[in-house]
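Note that the chains take the letters A, B, C and D in the order they are written out, and that residue 1 is the start of every chain.
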Amino acid sequence: MTAVLEKIGLTRPQVAWRIAQEIDEGSYVNLGIGSPEMVANYVSTNREIVFHSENGILGMGEAPAPGQEDGNLINAGKKPVTLLPGGSYFSHTDSFVMIRGGHIDVCVLGAYQVAKNGDLANWATLDTSKPPGVGGAMDLAVGAKRIFVMMDHCTKTGKPKLMNKCTYPLTGSRVVRTVFTDLAVIDVTEDSFVVREITAGISFEELQEKTDAVLTLSENWQTLAPPDV
Amino acid sequence: MSPPILFINRIDWLVVVDFAAIGYDLYLIDHLGLASYSTPMIDKSVNNISAAVADIQSGSVVLSSGFGDAGAPVDLLEALIETDAENLTIVSNNAGEGNYGLAALIAAGKVSRVICSYPISAGSVVFQDCYQAGEITLEVVPQGTLSERMRAAGAGIGGFFTPTSAGTELGKSKECRKISGVEHVFEYPLKGDIALIRATRADRWGNIVYDKSARNFGPVMAMAATLTIVQVDEIVDLGKLNPELIITPGIFVDRVFVHNG
Amino acid sequence: MTAVLEKIGLTRPQVAWRIAQEIDEGSYVNLGIGSPEMVANYVSTNREIVFHSENGILGMGEAPAPGQEDGNLINAGKKPVTLLPGGSYFSHTDSFVMIRGGHIDVCVLGAYQVAKNGDLANWATLDTSKPPGVGGAMDLAVGAKRIFVMMDHCTKTGKPKLMNKCTYPLTGSRVVRTVFTDLAVIDVTEDSFVVREITAGISFEELQEKTDAVLTLSENWQTLAPPDV
Amino acid sequence: MSPPILFINRIDWLVVVDFAAIGYDLYLIDHLGLASYSTPMIDKSVNNISAAVADIQSGSVVLSSGFGDAGAPVDLLEALIETDAENLTIVSNNAGEGNYGLAALIAAGKVSRVICSYPISAGSVVFQDCYQAGEITLEVVPQGTLSERMRAAGAGIGGFFTPTSAGTELGKSKECRKISGVEHVFEYPLKGDIALIRATRADRWGNIVYDKSARNFGPVMAMAATLTIVQVDEIVDLGKLNPELIITPGIFVDRVFVHNG
């Protein structure tokens, strides 16, 4: 453990690993494009999780071996994937029936900001010089049973992303269940952030300093020390 | 080698982690005391039809597939007779025929309300008798609206405007709106607590394949209920169903029971 | 022809034959339960018409040979049918997408009454002693591109069924395109019945007597004398 | 033997009937002077790609299938460049990549408006340049709402309430309604004049089969347009497609063009 404890803040693979531990056997899971895709790497092979891709796949497997790519079998990030036994294909319409209809157990999304009431901002910045694009983010935000956010605790310039109120355009209102950052695991309750786990080496006071909203520390809080994945 | 770390990661789950010993896997011991490593796979098959329907509660809204006999979950409906569930609302295209399946459930006094499009088939004598006796209430819904209301429930749609029934007795108490010059009525989603469905084949993930016109209401009912139970002829190995042909993916299915299996 | 002319009023098979002549090659057609099903018998084998059944069939063929019935392959009237090459199966939801969405070219329905503005009454009588049942009639009424009604010109007791205003509960408002009776072929225009064909042996005056609404005779009206089918 | 009877049964059809000679069949001679007995079958196949898209009008709303490259009707889109059609509205999930297909159509100045969910893929340089130059307007629609609005158009639904985009910039000018405690916005159907679709196999009735995740928007766009044109790899004999596996039945398809066929 000592190697892990010496490091301040988790790596992204470690955050992905931590999220993977939160996903129950048999769950139907949608992973957002980018870092959330890493979560699939840490779901063990003896726990069956069914991954959903918004472009019409259930039971999505890992990337194909080089040379085995099929342009008609891609994920939401348009990267080649494979299909596991038991997987299925369906239309976009049916895919969003699954999403909007509350059939996806867990969706892991990145975010610019999350507010203490669960508001999510992950589709648009305040930069209006380029065209907007939303993809399936708003549908996932309102539809999945549990929205997990995977993000750095602060921006690259050190500004907080866990907000009292989002300053970026919203993707959905009161939708986030839990936020997994490099520094903590934080549940969103009715109207506050409750810290459930703090990365080893970080104090609650340090965590609060890096957060815009007021944090509550859970009675049962734990130290989070993932393996060096 | 790192020591095991013990922590509570959900209020009802006790998680024991020994990274070095298990290669970052978790042994999950749930609050019922069942170790999940004894069931390391998704398996939705249920061997016992009584177990398949045992937890259906009184007052449930039960979606029942089929168009006439084709696709009707006869055995599941009859298994319901032996449970304590009563005061059921049945949503189905028809109201049962003869004295089997839905008609038998009605005859057993389990059904207090029927929502359907066509309860007056020649053979629906049991329903009609109960209706005349005032023992069952009836909501007649146009067939396409019935299907679309269930789809809305399954698809997370809050409601929709349809031209079907506008200007008729069935539409008269509904919110109306003229859209593109055509009168529409507003319809709400119709969600089931339970869906009982008859299909042909399944796998242990709950992927479902139907046969010919027996497909009918199965796909939409599977998506529109909180708990979906499917009666099939056969369960095949995972991967044996053509992924292009899986009509109801397992995400919509909770239990699969093999009829005579 | 003399045998046909001597008879006053068409037989139901003759009305079905007449309707069949009105259906273009390549049409997608839904036939209502009962007499309208007869129309299929008079679509010639060298004209491809695709029959739709609301329970999820396109390309429905005729009844199977005795012993070849399949309980999973039935029509809207729950009678065994067959599937032609090129036919397909789909869910009820998709079937009513076809119906409500205007994809069915022609639907032939029976009726209790049709009004001069196209109102259709075919689902409920005024008898409240038995439970109501609507099936797919209201969806077909509003959805099909053209609604043809096949019915007797008068009730068994001689009362008119082509009405100034329907007295029976409506199935749909302003939906009927053409009415085919034993006595005439009558188009529904903006707000009147226009007689296009009159069965041989019937005068326009006789037709008017048997009709509640005022009839208009088309300039191009013809005598209707189908074969003795 | 009865004499032929001549009558007009539709204003533009001249019908000659000789019952005895032809066994109650009709010889239909239409107003174009083409005898229908020369085409006694439904055949939606079109051999020439130019002919497939020749009658697309300026100002049309064109639904274009695909998610990225998978399922994109590249050849049909490029064939549109050679027509007189301009001022097109394109409805698609993305706004084209590289300099082929949709991007080529945009580069040719044919597109004045794009309705899509995600126009900012790394490769969508042509669109982004035209957008920055003010040559193209953009309506961004959430992906599921885009799909559902087209389904509503295809399904004869006048509009629907969805929770997607409620409380966001994209929902702010829309009619709102709280249903079962959840805020929803009202969405109208999105109908196409034309759908251009890429699929795998077809038959002459226009039945369509897709491949894997290239199915995506094909089925919904086929049902949502007045005229649906499908680009396939292969046309097979009628009856060769599994009737359980026909994803888009021919009722939604008007023309089928075999790519490189």
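Here is the rule we use: a contact is a pair of C-beta atoms (placed from the backbone, for glycine too) under 8 Å apart; a residue touches a chain by one contact, two chains touch by 3 or more.
Since this is a predicted model, take the numbers as computed values, not measurements.
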Open item on the list: Spelling it out: a chain qualifies if it touches subunit A and also touches subunit B; which chains qualify?
Closed with: D
Task: Chain at maximum distance from subunit C, centres defined as averaged CA atoms - done: A
TODO: Between subunit A and subunit C, tell me the centre distance in angstrom, where each centre is the average of that chain's C-alpha atoms.
DONE: 57
Open item on the list: What's the distance between the Cα centroids of subunit B and subunit D, rounded to whole Å?
Closed with: 33
Open item on the list: Between subunit B and subunit C, what distance separates the C-alpha centroids? Give it in angstrom.
Closed with: 35
TODO: Quick one: which residues in subunit A touch 2 or more of the other chains?
DONE: 83, 89-90, 96, 99-100, 142-143
Open item on the list: Among all residues of subunit B, which ones touch two or more of the remaining chains?
Closed with: 148, 151, 155-157, 162-163, 210-212, 243-244, 247
- [ ] Could you run through all the chain pairs that touch each other?
- [x] A-B, A-D, B-C, B-D, C-D
TODO: Would you pull the subunit A residues touching subunit D in the complex into a rising list?
DONE: 53-57, 70-74, 78, 83, 89-93, 96, 99-100, 124, 130-139, 142-143, 169-173
Task: Complex contact set, residues of subunit A against subunit B - done: 1, 4, 17, 21-22, 24-26, 28, 42, 44, 46-48, 50, 52, 58-59, 83, 85-90, 96-104, 142-143, 196-197, 220, 222, 225, 227, 229
Task: Touching residues (chain side subunit B, partner subunit C) in the complex - done: 67-71, 93, 116-121, 127-128, 131-132, 138, 140-145, 147-148, 150-151, 162-170, 183, 210-220, 247
Task: In the complex with subunit A, residue positions of subunit B that touch it - done: 2-3, 5, 7-10, 15, 17, 19, 23-26, 28, 36-37, 39-42, 151, 153-157, 203-205, 207, 223, 238-239, 241, 243-244, 246, 249-252
Open item on the list: Quick check: in the complex, which residue numbers of subunit B touch subunit D?
Closed with: 148, 152, 155-163, 177, 179-180, 182, 184, 188, 209-212, 242-245, 247
